[in-house]
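Just below sit the structures, each encoded as structure tokens.
The following pair of complexes shares a single chain, subunit A, combined with subunit B in the former and subunit C in the latter.
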Partner chain A sequence: MLQEFSIVLDHKDRLLIGLGNTVWIATISTILSTVIGAALAMALMSRHVMLRRAVRVFIDAMRCVPFLLLAYIVYYGLPSLGVRFDNLSAGIASLSLYNAAYMGEILRGAWVSLPKEYAEAGEAYGFHGFKLFHRIIMPSLVLAAVPVLGNQVIQIVKDTAFLTIIAVPELTHEASAIQSMYYVPFGAFVAAIALYWLICRMVEFVVQYTEHLADLRR
Partner chain B sequence: MTAEPHLAHRAAPASTERPVIEVRSLWKKFGDLPVLNDISLNVERGKTICVLGPSGSGKSTFLRCLNWLEKPDHGEIFLSGKRIGYREGSDIPMSAKEIAVTRARIGMVFQHFNLWPHLTVLGNIIAAPLHVQHRNRAEIVAEAEALLRKVGLFEKRDVYPAKLSGGQKQRVAIARALAMRPELLLFDEATSALDPELVGEVITVMEDLAKEGMTMVVVTHEMHFAREAADEILFLDRGFVVEHAPPAQFFDNPSSDRVKQFLQRFVR
Partner chain C sequence: MALAQGAVATVLLSLAGIAVGVPAGLVFALIRWAKIPILAQIVAAYVSVIRATPLVTLVLLIFFALPGIGIPVDPIPAAIISLSLNTAAFNCEIWRSALNDFPKAQVEAAEATGMSPVVAFRYIIFPQIWRISLPALVNEITLLIKNSPAVAIVGVVDITRAAVRIGAQTYDPLPPFLIATVMYAVIVFVFVKAQASIETAMTRKFDF
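Up next, the complex of A and B:
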């Protein structure tokens, strides 16, 4: 068994490349899904009934599709409609869209329970539209929803592992490659799990720090 | 209290003959319930009007119509001669942006302070001047600090509202309103949510503003403030103007029995 780990250690370069890819794919997907999710939340809280319904259909659809199938469809399915992504873009696009649905739902939930006085004071002082959302509502939403948003980020990190099926060179993909080349399944996958755990600890750290900032404001 | 440089522009002679706020025959219903019936009021520059009345009399709704947080069913409101809510000389409603521009000319102080919890005291005060009025940051910060000194809270500039007492929050909220350089200041029961021993510190600031010539419409239950600081009293009951008089007449010689009955509860 120790031998397995020493083989994995010999190929740590590949593992670290995979780790790096996982980190930046998860980071970009987190940013995109938060931005798209914020837009979805705005739409869900909008006065326009048709817009609300359309976004609701999108969110429900996303939540019912297994992520694996979504990634398949974006990478293998869309080309038959003439939309062609490379595997990395396909991976990031499907991760972002999929998690945007959850982010949107989380932010909407926080928004509904946000005291309406904050927004009203904003309106009374001349904030409106996007500026009202950006300056007054969104910061309160993030502070209120940070633990749940953190969970979703961890979900994004773990979902990146699915991208191995469309050959994105992320952590699981690299671990899998090492294990199939040298037949070290235990060592390779345990090493990968340890690295995923490390990423999640870092996310947790950021969440705790943000929680601390939120506590100062409560 | 020292004279603040930023208050100077209010002392300048009015460029227009029109009152700061002019309300003509305001009507409003919530569903089938009439809350405002034919309310009219003129507020001249530098005057303080106190709106009194029992709860449910429509005072707050009236105040909230003045900056269009509530939309009246009928009637017209003019801010320094310009109609609020509708484009000039037409019945086309203002866009959200146009209403926002109008609102930025009116300061409002709420019963529950409504400070933004994610911003520091200073952040609360400079937010609207910075992001709505797009004024110079250094100038706004200097002005905000002068206002904080004025309300006696300069040392709290970097603190979050959650760490302040109710009276301190309300003084910050007043500073936030003043930082907009408003033509008109609205107070919606600004002391009603405060512990009795904290009311005084907020009333003092309000009295100073009245003396300095700020134009204010104040919904309040503080009879002492109304008697000392108001130029006129508007008494509402069930959405009707029951009495509209100078404070001396209102308190000492009211014409309506309803007002007499109301005032009896406040006689010490």
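Up next, the complex of A and C:
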């Protein structure tokens, strides 16, 4: 067993490349899904009934589909409609789209429980429309929803592992490659799991730090 | 047809995961709640690691590493073990929060009337916490179902895998993918509906 770990350690470069890819794919997808999610939350809170209904259908549909199935639809299904992605952009597109639905729902939940006075005070100071959302509502939403958003980021990190199935060179994919070359299943996957655990602890740390900052601001 | 077989596989695997994972989660939660030394720390570490582990990676570990330590394992048992290990960690947290919120006065009252801890758990604690935990448990079940396609990586043919195969044969992957989406929606809907009807029945029976 120790021998397995020393073989994995000899090939730590590959594992670290996988780790790097997992981190940046998760980071980009987090940013994109938060931006799209904010737009979805705005649509859910808008006055237009049709817009609200359309976005609601989209979110509910996303929440029924397993992530892997969506990744397959984007990677294998969309080319038959003439939209073609390589595996990496298909992975990022599906991660962002899928988690945007959850982000939208989280932000809407925080928005509904946000005191009305925030928006009213903003309006009294002359903020309207997008500026009101961007400068007044959005920061309070994010601070209020940080713990739940953090959970969703961990979900995104874990979802990136599915992308090994469409051959994206992320952490699990690289661990798989090392294990199939040297037959070190225990060492390779335990090392990968340890790295996933580190990423998630880091996300939790950022969440706690942000909450601490939010407490100081209050 | 292949999709229908895939649906059976998805449902049976999920049910197996639930059948093992929900009671196992309760046992883990009780270990932490009772603060049993060493075991409680092991459970806490297990929950922390599993919550950070992608199911795909866990399935690969179980499927490839168990034979290495002399336990040969087929894809389907490997899938069931992984799903159970995964969902048990999340269920442990659900049961634990219900146990932590459980009024201490009731436990003490049970003790004062001479109930053993086992009797108190069976007749006082459990009948209340399962009803409190039900919505969260069902939510975790829907997450389990949506995570279950991960088992395809070791060759188990579930709904998703069956849809990919049909798409590869017909060169038209969109229709099987859309049917698969509807199938998942129906399965999730059945569980959510079952939860709602259990809750209504309970409210009618106990009137609170």
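As a working rule, the second predicted complex is superposed on the first by the 217 of 218 C-alpha atoms of A that agree within 3 Å, B and C clash if a C-alpha of one lies under 4 Å from a C-alpha of the other, contacts with A are read in each partner's own complex, and residues count from 1 in each chain.
Please note the rule applied: contacts are C-beta pairs under 8 Å (C-beta built on N, C-alpha and C of every residue); 3 or more make two chains touch, one makes a residue touch a chain.
Bear in mind that the values here come from a model prediction, so they are computed numbers and not experimental data.
When subunit B and subunit C are set side by side, the one touching more residues of subunit A is C.
When both complexes are overlaid on chain A, the residue A:202 reaches neither subunit B nor subunit C.
By the touch criterion stated above, A:73 is placed in contact with subunit C alone, subunit B being left untouched. By the document's definition of touching, of the two partners only subunit C reaches A:165; subunit B does not.
In the superposition on chain A, A:9 makes contact with neither subunit B nor subunit C. In the superposed pair of complexes, A:118 makes contact with subunit B only, with no contact to subunit C. In the superposed model, A:127 makes contact with subunit B only, not with subunit C. When both complexes are overlaid on chain A, the residue A:192 reaches subunit C alone and has no touch with subunit B. On the subunit A side of its complex with subunit B, the touching residues are 117-118, 120-129, 131, 135-136, 139-140, 143, 216-218. Those residues of subunit C whose C-beta lies close enough to touch subunit A in the complex are 48-49, 51-58, 60-61, 64-65, 68-69, 145-150, 152-153, 159-160, 163-164, 167, 172-174, 177, 180-181, 184-185, 188. If you check the complex, the residues on subunit A that touch subunit C are 61, 64-69, 72-73, 76-77, 80-81, 154, 157-162, 164-165, 171-172, 175-176, 179, 185-186, 189-190, 192-193, 196-197, 199-201. Residues 67, 69, 96-97, 99-101, 103-104, 106, 108, 110, 112, 114-119, 127-128, 131-133, 160-162, 176, 180 of subunit B touch subunit A in their complex.
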